[in-house]
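Look at the two complexes coming up: chain A is in both, with chain B in one and chain C in the other.
On to the complex of A and B.
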């Protein structure tokens, strides 16, 4: 295992402490519950939006907390659902007069713990609702999921709901918006390499030097098939056909296009993939209105990438263009 | 070689085409010279700032072109200096009444080609000056360099000069500013793994499963020594002592702190390193005013990181805080 790590048991805590230190005044950090939250939330005038998943997917989700995005995140260990008490404390810390929206990627472990926490929060009189994201078209059921998995498309749910919440949308309006985005977003990923959780110390799966996992999950779940590595455009073509063909996206659609790196793939390669995705959009009559190339939802140092398409309308275009900030920025 | 690549000979061109397609209206792209430039430059009221280096360091430099940053970049192949005619065409394309500033990282190949191009541009009556960046404290001379190498500290030279150029600074003022930033910025990096240029197909150096290259160059140049991998805080400590001790930075200094990923290291690990860097700054009395955690100057998919410190004053703080945009963004 070649990583920048001290005691592997402290990996998540030290990463979170780093995020807190790098953004003075922006976040509150409660180490006991792995809880990063906006220092200016909860607010009586805004629904709070929270998400907790396993760690190892950074920037999702602790680095997606900020104005116009999430209000708090409370991750579990690497690739491990947040314990129920983390979820409950996250909800309680962000309790607002306008309610709390919990976004969950569709994994059984996350759902179970958030379900329990939501039930307990409701018993304490908190107005809290959940929405489950399942944008991954690769497979129907998976190692840790009944139904489709939630992957990088969650960025668009967070961004749209975060922008609407800033404008004062109600909890019911945000639930409707989350359902709308999730209904119009589709993703699929491929892995060239495996990755190694620090506390495990060994790769989560084996893959040959000439192999690619097509439709991989963000915890290394098997995809549609294992195949020989081929050239970038052919890999992209398969992702594009799977994603665009699923909704299906249709000629004339305005779309947001995301090429998401899984952690170990440099941005140069992501732009090689973006190029072919843009050419395919043009060929099939999709108008790219917004482009996202970089790391949004990762699997530690896994080399790989995913493609996400979101069908846009005027409302979503405006919400995606709204200002936002989080721990991940360039300048 | 496990990469998203088509014909390796087309890797750089396809990446650049991707950058161009992803940012409609923002850039002009001249494939013949690997030239990406701001669509709204040159301007008679602004000095143009250009840089070309080898590719493989993305986002440096083609993805650092944009308002408040570079006006154009014309990279060579992966880890290969831009040919003289690329440099010359870049200068000519950005020729402005106020002049052209060429930023160069200190590598002999880049310097030679830019020197020739600048001489030819001057013969054509263009007002062009160059500044050479050499922020890497690791070694004095190196495989491709006499004197110190230029690495991730170049971001701060680009950002400060880009912001000043937007405000109308003259060519002489920008030269002075570049010298000021370069005089106050220091960096050092470490590598955990090697990397593989697509057209080469094999790693640029070998490194054992338990080894680290301390003070590595961004083309895999040897650093200070090869050592056994130790825990993250100890690695950071050595980088910090080398960087902070070089200027030297002194208690009471205001600084910008950058933890730069070399391409294959996930952002979670970069924040583990940031944490220790912030604690060291606190212990030694450096006040962190601005933080940068992410990828700024990379070596393809190399796992590794560098630490950069920049001593700030009011002028530099204002320039770093000025608005900017480029191909790399989150939202």
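On to the complex of A and C.
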């Protein structure tokens, strides 16, 4: 696998330095803890929202730091949970009078390190609460997770909470909002290829040229089954049925629809999938109010995509429509 | 030795670090029987980081020392063992705030807090064949001594070491229900738990360091 990489050990640090340099004045960057934070946070009038997971899922989460989204992120190495001291320093750096909200995708390593950092931060008198996101309907338990995994649906939790925090919502209100979004968002992904962490140098799993992994995790965890590659609409149909049937979404629901690329799939293919998803929504009677097509939560250069549906109401529609500015910009 | 000072705490932690580093291969071999064979390496990398920063650790109090140890262990032991072991040190550190010296009763209270924290962090309970099955009998020894107004710390250390060693064989035929070993289910029967062995080995070495032998 060919990659743009210098010393693989410095891969994450160099990426973060790049993000910092590309957005002058917007962020503070503390290399010791992989910590990117908004230059204008913490603020005494706003809850700080932070997230840290493994790297390799960009733009999640460091490129989601900015006004109206996250206030800070402190990722670990590629596909490795952030070490506890990164989490603790992230919370301390974002300590606000209104409190700190930690958003965690449901992976055992992330949860343990953040849990512990939160306990330590609380002992220092910081008002900090956590919310765990688990939107992936593919499997109940998997390699790194008890329960469902957190995947691209985390974007909607970040976006809604980020917008509400900007308006001055309290920590308890944000926790309630996060639970509401997480309760109404469902996702599932399909991989066409594996991916190769720079420091590992070899693919994280093997998959044949004519095979797909249905329900893959964003660290290559096994999904529901291995299957032969079929035409795009049939793959999308399976994702749609799994996602829409889970909540379930019902005729008359207003929804946000996301087709998320896993890193190695061209935008054109994502729109091919979007087309069929939109047709399926119409058949089910779902009204698509907002659409998201692109890369939100990836798995390095894995070819593949995930589908996410979020059930909307007036409150969520307004929050999703609120302005946000972050290191991910598509013009 | 009726009160435990920060020097004693430091000596015990330093000895545990040496134990972890001397047994990297041994602990990993134990882990290979039913786990993923990395426990010794993971534990070793954490205690190595501790040794490397040993001279710069905050020694202003027992509490701040243990909290600093906790951060280093948590952040440098790989996998889920980091937060598990680190939580043990963290709770002990939190529960020793404002104490210049420790009694056996203090130690019992600190270890009870560590056990609660480890249960919360990893979701394990007594009987799941994890390090808790060594720590719980050790805590009972300390609590019993404190309840009987027995302040003989040497005798307590000897007894703690005995029950930890005993836990290795007592749990051998159990089925692991938590941690990496549990992934192999019934296959974990008949193998010793690496976490329990690590606790016992550390206590044996700490006993030797303080001149207490198990048969004393």
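Here is the rule we use: the second predicted complex is superposed on the first by the 330 of 331 C-alpha atoms of A that agree within 3 Å, B and C clash if a C-alpha of one lies under 4 Å from a C-alpha of the other, contacts with A are read in each partner's own complex, and residues count from 1 in each chain.
Going forward, contacts are C-beta pairs under 8 Å (C-beta built on N, C-alpha and C of every residue); 3 or more make two chains touch, one makes a residue touch a chain.
Not measured: the values here are computed from a predicted model.
Student: After superposition on the shared chain, which partner residues are touched by A:317: those of chain B (first), chain C (second), both, or neither?
Tutor: neither
Student: Kindly classify A:18 by the partners it touches after superposition: chain B alone (first), chain C alone (second), both, or neither?
Tutor: Only chain B; A:18 stays clear of chain C.
Student: Specify the partner with more touching residues on chain A, choosing between chain B and chain C.
Tutor: B
Student: Taking the superposition as given, does A:84 touch the first partner, chain B, the second, chain C, both, or neither?
Tutor: second
Student: Identify the partner contact of A:123: answer first if only chain B is touched, second if only chain C is, both if each is, neither if none is.
Tutor: In the superposed model, A:123 contacts chain C only, not chain B.
Student: After lining up the shared chain so the two structures overlap, which partner does A:246 touch, if you call chain B first and chain C second: first, second, both or neither?
Tutor: Once the two structures are laid over each other on A, A:246 reaches no partner at all.
Student: Have a look at where A:109 lands relative to chain B and chain C in the superposition and call it first, second, both or neither.
Tutor: second
Student: Once the complexes are superposed, what residues of chain A are shared between the chain B interface and the chain C interface?
Tutor: none
Student: Taking the touch rule as given, give the residues of chain B at its contact with chain A in the complex, in rising order.
Tutor: Contact set of chain B toward chain A: 2-7, 11, 14-19, 21-23, 55-56, 58-59, 63, 159, 192-193, 209, 229, 231-233, 235-236, 263-275, 278-279, 291, 293-295, 298, 300-301, 303, 305, 320, 323-324, 326-331.
Student: Please give the residue numbers of chain A that touch chain C in the complex, ascending.
Tutor: Touch residues, chain A against chain C: 83-86, 88, 108-109, 112-113, 115-116, 119-120, 123, 146.
Student: If we count contacts the way the header does, which residues on chain C are in touch with chain A in the complex?
Tutor: Touch residues, chain C against chain A: 67, 70-71, 74-76, 79-80, 82-84, 86-87, 90, 94, 117, 120-123.
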